[in-house]
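Heads up, there are several structures right after this.
Here come two complexes built around chain A, the first alongside chain B, the second alongside chain C.
And now, the complex of A and B:
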């Protein structure tokens, strides 16, 4: 199918709410893209531990699925692992921390930041440079980093951190300070890799987890996320935020933090979980490209017909809401969270989603 | 302190997430002749129910809920050994855990706490629980309720493996299975042969109570 705009033209137009030939589309297909390399048998652990493999997967996935964007999401155990947590590395699925480095209150203050160029953080920095360079004339690219509170909860278990917010408040802040300093170095490293944007995963900003005050104290404030967001701009990258939680703090993360793009999920069973039309209708897409919200399990469990119908319905919902709001293009049809990187994910469903947006994503108000 | 004051203190200890107070007032309850079951039901559980309601209304958030749960268990550790044998015999056993390959256990821990507060004797198998451990738990623990959760799509199929394993070993008919976690739904529960699905801890308690 020949299209009237290039990926870059379309994304830039969307960022400025200019007319587009169709809505932008981005299934967050990162780890799963390794399966588009060669004979498709690359193991997850080989993809996520080698910068060339990591970049090659993202480059190959962009071409295979014809994506408008490329984001370098790896998994959420990267920083915890580099700080000393043990990561269980399954061959074909998302790795996770099975032995956190922080076991007791005293461990918060003992954290030692590693060299950003070693471990999987180094893989991300080096790999981002490779894919950002390779795709600079094809798509808008974005690096991906875990926010400080996420890095801490991965390093200690979320339950422990949440209780220690009250039981050992100063120790938690000390650890957040350590992670923030580390992340400042990562942002500077990311700036040298030259992706167009840097996307933060700030997933604890959810009303099913933290209230506004707690989120502000333990991540949102200038000392942590606020300053990191500012640094992203100073390093020449656009700010993007990912939050796949059920009840995201949209006022904080969109209206106050002012990202250029915000990716989010939708949980129809959870009362209050905002749908695409509600998000647009309430003005969150006025100054930010909101990206969402195909259910990630659809890539594993649905038929191609169901994926096509769901994507068509989302396109229609988004187009109607954009027109009602007087907007032209500030929504990207995306997955609500990462497309599962497992071997059971149906690559044809990813392709179907993209092709459906190409066919039904034209906005005519 | 008199009985009613002690019960109110226990309730408040849970609401404020003060484990030390919970332990202190549980001991005080026993020393002052308050029945252990009364102290649990009209003190600790009453407090936890209020915490659950506040969480549902977004007046409380996870830190407060987790501290309340820790406080509840602090009091229960003191009081449970003092429940008469005929009282403990009435408690329905439930087993709970996060399926293999997943370590997200906050939701599971809250459901466990609320089911404990609802009167069940919950056996917690933790996170990343192998299929055979779930399957064997039903007979081993004499469970009537089996609760499983996962937050990740790729690990959902582990729930079906547990159901299939229970059918295979003949224990499926003796247990009611409830599942939860972000990617799950009632249609998925129906697909894999589970009995119930809950979107949160409050709904889990409601649905479990309906089948007791």
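And now, the complex of A and C:
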């Protein structure tokens, strides 16, 4: 199918709410893209520990699925692992921390930031440079970093951190300060890699976990995250935020942090979880391209017919809401979170989603 | 195969409770497996597992919508295919959302020849620390109570009447439909009743609830 706009033209138009030939589309297909290389047998552990493999997967995935965007999301144990947590690295499962570096309250203050160029943080920085360079004339690219609170919960355990926010508040702040300093260096490193944007994973901004005051204190726009967000701009990158929480802090993360793009999920069984039409209707897409919200498990479990129907329904919901709001293009049809990188994910479902948006994503108000 | 979730925040007495629960269910002739969803440690003592002929598995990592769901489903399928438990007791992390684990459990049906049935979701509330929990991790505790079929007010053998009453008030304000039980895992108080409840009752499946909600959204009236 020949399209009227290039990927870059479409994304830039969407960022400015200009007319587009169709809505932008981005299944967050990162780890799973390794399966589009060669005979499709690259192991996850080989993909996530070698910058060339990591970049090659993302480059190959962009071409295979014909994606409008490319984001360098790796698993969420990268920073915790580099800070000394033990990461269980199976051949194909998503790696995860099985022995956190923070075991007791005294450990928060002992954290030592490693060299950003070592470990898997180094893989991300070097790999981002490779894919950002290779795709600079094809798509809008974005690096991906874990936010400080996420890096901390991965390095301790979320339950312990949440209790210690109350019982050992200053120690938690000390640790968050250490992670934030490390992340400042990572942002500068990311700036050298020259992706168009830098996307933060700030997933604890969820009303299921933290209220506004707690989030403001332990990550927020006026605390650790605010300085990091500002630095992203200073380093020449657009700010993007990913948060797959059930009840995201949209006022903080969209209205206060002002990202260019925000990717989010939708949980129909959680009262108050915002659907695409609600997010658009309440003005969150007025100044930010909101991306969402197809259930990531659909890429593993659904038939192609169900994926097509779900994508069509979402396109229709989004188009209706955009027109009602007087917007032209400020929504990207995306997965609510990363497409599972497992070997059972159906690549044809990713293609079906993209093809369905090409066919049904035209906005005519 | 029945999935029995025992939720609750760190320190609520989940591990002690589920060990006592497993003993009772084994004594009643059930074949029991345990899955813990935590970072870094399996809290269930290995000797206990051996003594009672149980099977324990750990599941961890990632977020439930994209990564943990697949791992959890696979773990359940492996347990079924290798151990054939009739009840799997799941101890989720205090930041897990029970419906997410229900959904993931149902996905395991693709890898086994049995149907998943859910026992009522039991959320333990630590009555001894209720004031602290309401201050510190209130939203997480509220989320788990909101998702519960049964709220088990735990440690009532050590807590004052005021704290027990406060635990009940707090729970009912969040989830007036939940059944309230009282007990103490440590002294085996109320655990037999909880075991009977797991044996005899069920909780709605995720897929049915999801379809109903989507129909309601699309057509306004519900299923």
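Going forward, the second predicted complex is superposed on the first by the 362 of 365 C-alpha atoms of A that agree within 3 Å, B and C clash if a C-alpha of one lies under 4 Å from a C-alpha of the other, contacts with A are read in each partner's own complex, and residues count from 1 in each chain.
One rule holds in what follows: a contact is a pair of C-beta atoms (placed from the backbone, for glycine too) under 8 Å apart; a residue touches a chain by one contact, two chains touch by 3 or more.
Note that the structure is a prediction, hence the values are computed from the model and not measured.
More residues of chain A lie in contact with C than with the other chain of the pair chain B and chain C.
Residue contacts after overlaying the shared chain place A:207 against chain B and chain C alike. Looking at the shared chain after the overlay, A:246 reaches both chain B and chain C.
In the superposition on chain A, A:76 makes contact with chain C only, while chain B stays out of contact range. Touch criterion met: A:99 reaches chain C, while chain B stays clear of it. Residue contacts after overlaying the shared chain place A:340 against chain B and chain C alike. Once the two complexes are laid over each other on the shared chain, residue contacts for A:162 go to chain B and to chain C alike.
In the superposition on chain A, the residues of chain A contacted by chain B and by chain C overlap at 93-94, 96-98, 158-159, 162-163, 165-167, 207-211, 246, 267, 269-270, 295-297, 300-301, 340, 342, 344. Of all residues in chain A, only 75-77, 88, 93-100, 156-160, 162-163, 165-167, 203, 207-211, 244, 246, 265, 267-270, 275, 295-297, 300-301, 336-342, 344 touch chain C in the complex they form.
Interface of chain C with chain A (complex): residues 9-11, 38-40, 60-63, 65-67, 69-71, 93-95, 97, 99, 103, 107, 110, 132, 135-140, 143, 206, 209-210, 213-214, 217.
Interface of chain A with chain B (complex): residues 90, 93-94, 96-98, 158-159, 162-163, 165-167, 207-211, 214, 246-247, 267, 269-270, 295-297, 300-301, 340, 342, 344. Across the complex, chain B meets chain A through its residues 17, 58, 61-63, 66-67, 70, 101-103, 105-106, 109, 128, 152-154, 156-157, 182-183, 185, 199-200.
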